[in-house]
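Down below are the structures I want you to see.
Next come two complexes built around chain A: one with chain B, the other with chain C.
And then the complex of A and B:
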């Protein structure tokens, strides 16, 4: 009797409690996702009559659209230039900060500030920093006797500037995550290492780094996902000017999401095709995340 | 019981999603229906209101220097009309409207359409035919009417200004480099594109640049080119860009172009410096660029004709079909006032430096007299712009792919300035590859 009553509650109330989440998930997450998959089979500009074309959009991505592949290449390139350095710097700074006693909070906060700075401000700031004629970086270069570099107008330098934006913005976040990880490492391990005569560098590589593996796995996976969704940084660097070009100089900074945005919301919109691009992006992110997790967890196994 | 409950919840959730879906679809359909129709009378019954009621006209646009003061001025004499204007960036205007249309959201009553995107606005088919409200096309500048007319003869808007363009220069630098700041003498020195290259040597020797940006001169050559962007279903890329980029390369190789990006804050700051002499200058740029960026430059500017007289920029005002009849009529009254009535056209001229496309006023020398000639040391730039240049300028029809061409032009011009060894063939090839990716309509051939 008691069990029956309990099992009744176990079925009824949990269902009621999770119902709001389920409804909102269906309405605001699952439905739009499924609808965008449906749209990817359409020839539709967003307001014209919908025309079902099967998998033609996907066929075009693989057979005609070189921009898709170049945007994938750009995204990976910028991601690889920015995130590994940012994660490594985050680890090093967190390790150094964990030993600081006075002013630690100030250093933590000041390092985290870029992460919460609005992307528009970051875009404008970096434009002024790296502009060829009046940019601070070029002024420094010319003051030191060098020749001004066209950082933002050059297809070689522009992706590097964006990678630098990523490093500047995200290192603070990585520091905070690593600091949280470091505080969970028992102090006696460090003391034992010190008694055994381990140097600071040895302690860092043989204790800190291995024991922060879980944090590193989390940061690498989320960074990969974020890298594939890169849009704000390149877009804002190049669109605060009337002569802005799609994708930066020579389309060297055209990321996958920027390409999607341009296809979906450009002057000649292709909502159906853009949906196919977003589905491809989704599949790539899932695949890369799974591979990343598998590779990073392999050592542990 | 549990299964039933879960089923019930799932059904509720699915029903909710269906409702959302249906809501979006019906909104979209309603919007499409109203967009598709051109009959102004087939609109909202709620629209009818007493003549004493205030009519609210909504507006989205970037042109705060023109639209906002014009609305205020109009409200002063028309208390029954109230404007609700929303600032929308130039680059977001078309996208915002497309999204509103796709989601079934409300469109503004009045929409400004940039000349470079006018063909895209035509394709959207959301604008009223102004001739239904009494607009007489014979009273407006022919090129303005032509640009606003769709294939089936609808006039979807009217341009607020004629936009003749010349070449502005800084008098002090011209005198220092060329020995004179007199517009007539300088006009004789610069009668062809080659003159800018040849005389550029003097500027270079004096440590000056003729122009601040490769993109700026590419824009000038683009608008001055008589090659149509699109003929039928063919984009005349190679022909048009060869014309444009070969001149940019000639100037680049002569060392007369600086490497600023056009339209950036740092590029605009050059208007006040002592390094850059010339600027391609549509009439609206006098207010927007010269007077804004060189506040101490009053009296230090001059204006000459470009080797080929041309028109650059401008926007047309249109009325959306989704507005109520009352709003449409009030919107037309405003547009007519702003463009074709003495009071409104004078306001446009005095507040923003816009010279209307209404022929009667455009050809009236007293009307076209600009109030800011003191910036040009008293030079009669009004006659130069609105009589000489306006009568000579060729107006080339836009393409629905104009924005893609412009984007490619900006990028290639920037790359040409970055890579001094880039040849015309290289530049054309780079631009062609970019354009092929941007032009996604299979029925369009790029030549």
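And then the complex of A and C:
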């Protein structure tokens, strides 16, 4: 009985509801990616004759292109400097915030502000804050008797400044996600823990953290994917510099996407080669997400 | 007694966090009230009196049009994106069909695929469609959003009781009506949340306009602000005034929607 009724709905209506997504996804997302895969086998600068060169672009990435590997290294480094701290801070602040009654909405909204700030503004503000001569942080340091640090111009500090941008911007997002998770934990679990004499710290580690595991898995995986796409923050930190170098000091902030962008749309466009770079990026993202999911799910058992 | 101390400590920690969160934001506003050359001679923590002059500068160039372009792009991306996602959410929940399982896995995988990866192919596709000098490339890209779809599917699962749909079907309601008058009200917090996120993401989008927009008539806010910097003089004051104004719509929708945001996220992907 149930099956026959369902079958009445099985052909036409699901198509109506699902087709728009499938069509749009194919036309505007999948097709461009497949086209990029095709182009990764070409030697092409965007307007000249296309030349099919097989896997030569990939061979070059593995054998000649040190920039690719250093951009991979930079991306991983900046991501590792930024996101873990940001996620942990998000968890801690969310659990503190969840106990606040008065002014909670204000705190939530104001801590979400960085997340909604336009990247262009973030880039400018951080340039102003960390600039060597006029930046506020350095003025503070010199006022306290220290020596001004060339944060943005130094190979060592620039990636840290970018990690700091990430922490500043994304912690609010993580707070909101964790708060949403905490709201769904039943209140009586906490009451029971309190009756059993558990301290707040114990409750945090033995109840809050394990019960939020799904949120954590989701956030870790999405932020890994996000980390490999890092472009706005590093690019914008250096656009206001007079010497607009690609990749920041010593290319220490050249992320994979920035490298790709520069190859594709820079002064000497190499569309074919850039497509190969983007395909490598794609493979890396898929691999990392799959490994991430596997590791995170294993811990569950 | 101990409880009070703990409360105070919590308040102090949260207070510091909030100050850090707001400070650069405040700085943006406060610096936008300075003449560009004066910003670095003072400590621009307190507002000055040059805000109106900076506004004049940006309104004299094509700020209004850029603002309009940004609004057009973001609103259209948001409306169509959310509609498409909600429809899939309902479709994947309320029907059984062949290859549903495969489709579900496929949709999960779309979440892993950042749009940037196909950007070269996308550019050439848009060129072939003849829309590469318009705003459409900035809009199309949000129509089938992987994250939104994945998230909406799990949201609909949580928020819409199947019995409600079944009984409406028995009453002879058309599927589109069921979607419009039963499903949509049930998933309202989810819709609000996704609206906020899609609006935010397309409003702040930086890389796509950087690639696609090459004439002034089509500037969106981020590109407009960048255009205020030239080789001769970068008008920081004006740039910041533009950015401050650009933040207003985001602030408004987030203050209105912040309650739904938490609610929507609670019921959505977080559990799914």
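Basically, the second predicted complex is superposed on the first by the 289 of 301 C-alpha atoms of A that agree within 3 Å, B and C clash if a C-alpha of one lies under 4 Å from a C-alpha of the other, contacts with A are read in each partner's own complex, and residues count from 1 in each chain.
Throughout what follows, contacts are C-beta pairs under 8 Å (C-beta built on N, C-alpha and C of every residue); 3 or more make two chains touch, one makes a residue touch a chain.
Computed from a predicted model, the values in this text were never measured in an experiment.
When the two structures are aligned on the shared chain, A:126 is found in touch with chain C, with no touch to chain B. Legend: residue contacts after superposition of the two complexes on their common chain; A:179 is shown touching chain C, with no touch to chain B.
Look at A:66: by the touch rule set out above, it reaches chain B but stays clear of chain C.
In the superposed model, A:265 lies in contact with both chain B and chain C.
Of the two partner chains, chain B is the only one that A:250 touches; chain C does not reach it.
When the shared chain is aligned, no partner comes close enough to touch A:58: not chain B, not chain C. In the superposed model, A:134 makes contact with both chain B and chain C. Shared-chain residue A:275: touches chain C; no touch with chain B. Counting residues of chain A touched by each partner, chain B versus chain C, the larger count belongs to C. Once the two complexes are laid over each other on the shared chain, residue contacts for A:154 go to chain B alone; chain C is not touched. Taken together, the two complexes place residues 11, 22, 27, 30-31, 35, 128, 134, 239-240, 265, 271 of chain A in contact with chain B and also with chain C. On the side of chain A, the complex with chain C involves touching residues 5-6, 9-11, 13-14, 16-18, 20-22, 24-25, 27-36, 38-39, 93, 96-97, 99-100, 105, 107-122, 124-126, 128-129, 134, 136, 139, 168, 171-172, 176-177, 179-181, 183-184, 200, 214-215, 218, 222, 225, 228-229, 231-232, 235-236, 239-240, 257, 260-261, 264-265, 271, 274-275, 278-279, 281-282, 285-286, 289.
By the touch rule above, chain A contacts chain B in their complex via residues 8, 11-12, 15, 19, 22-23, 26-27, 30-31, 35, 45-47, 49, 65-67, 127-128, 131-134, 150, 152-155, 239-247, 249-251, 263, 265-271, 273. Residues 6, 10-11, 13-14, 17-18, 20-22, 24-25, 27-28, 31, 39-40, 43, 84-85, 87-88, 90-92, 94-97, 103, 110-122, 124-125, 140-141, 143-144, 146-147, 149, 169, 175, 179, 200, 203-204, 206-207, 210-211, 221-222, 225-226, 229, 234, 236, 239-240, 243, 246-247, 250-251, 254-255, 258-259, 261-262, 265-266, 269-271 of chain C are the ones touching chain A in the complex. Listing the residues of chain B that touch chain A in their complex gives 1-2, 5-6, 9, 12-14, 16-17, 20-21, 28, 31-32, 35, 90-91, 94-95, 98-99, 101-102, 117, 120, 124, 213, 215, 219, 258-267, 269, 400-401, 403-404, 407-408, 410-411, 414-415, 417-418, 430, 433-434, 437-441.
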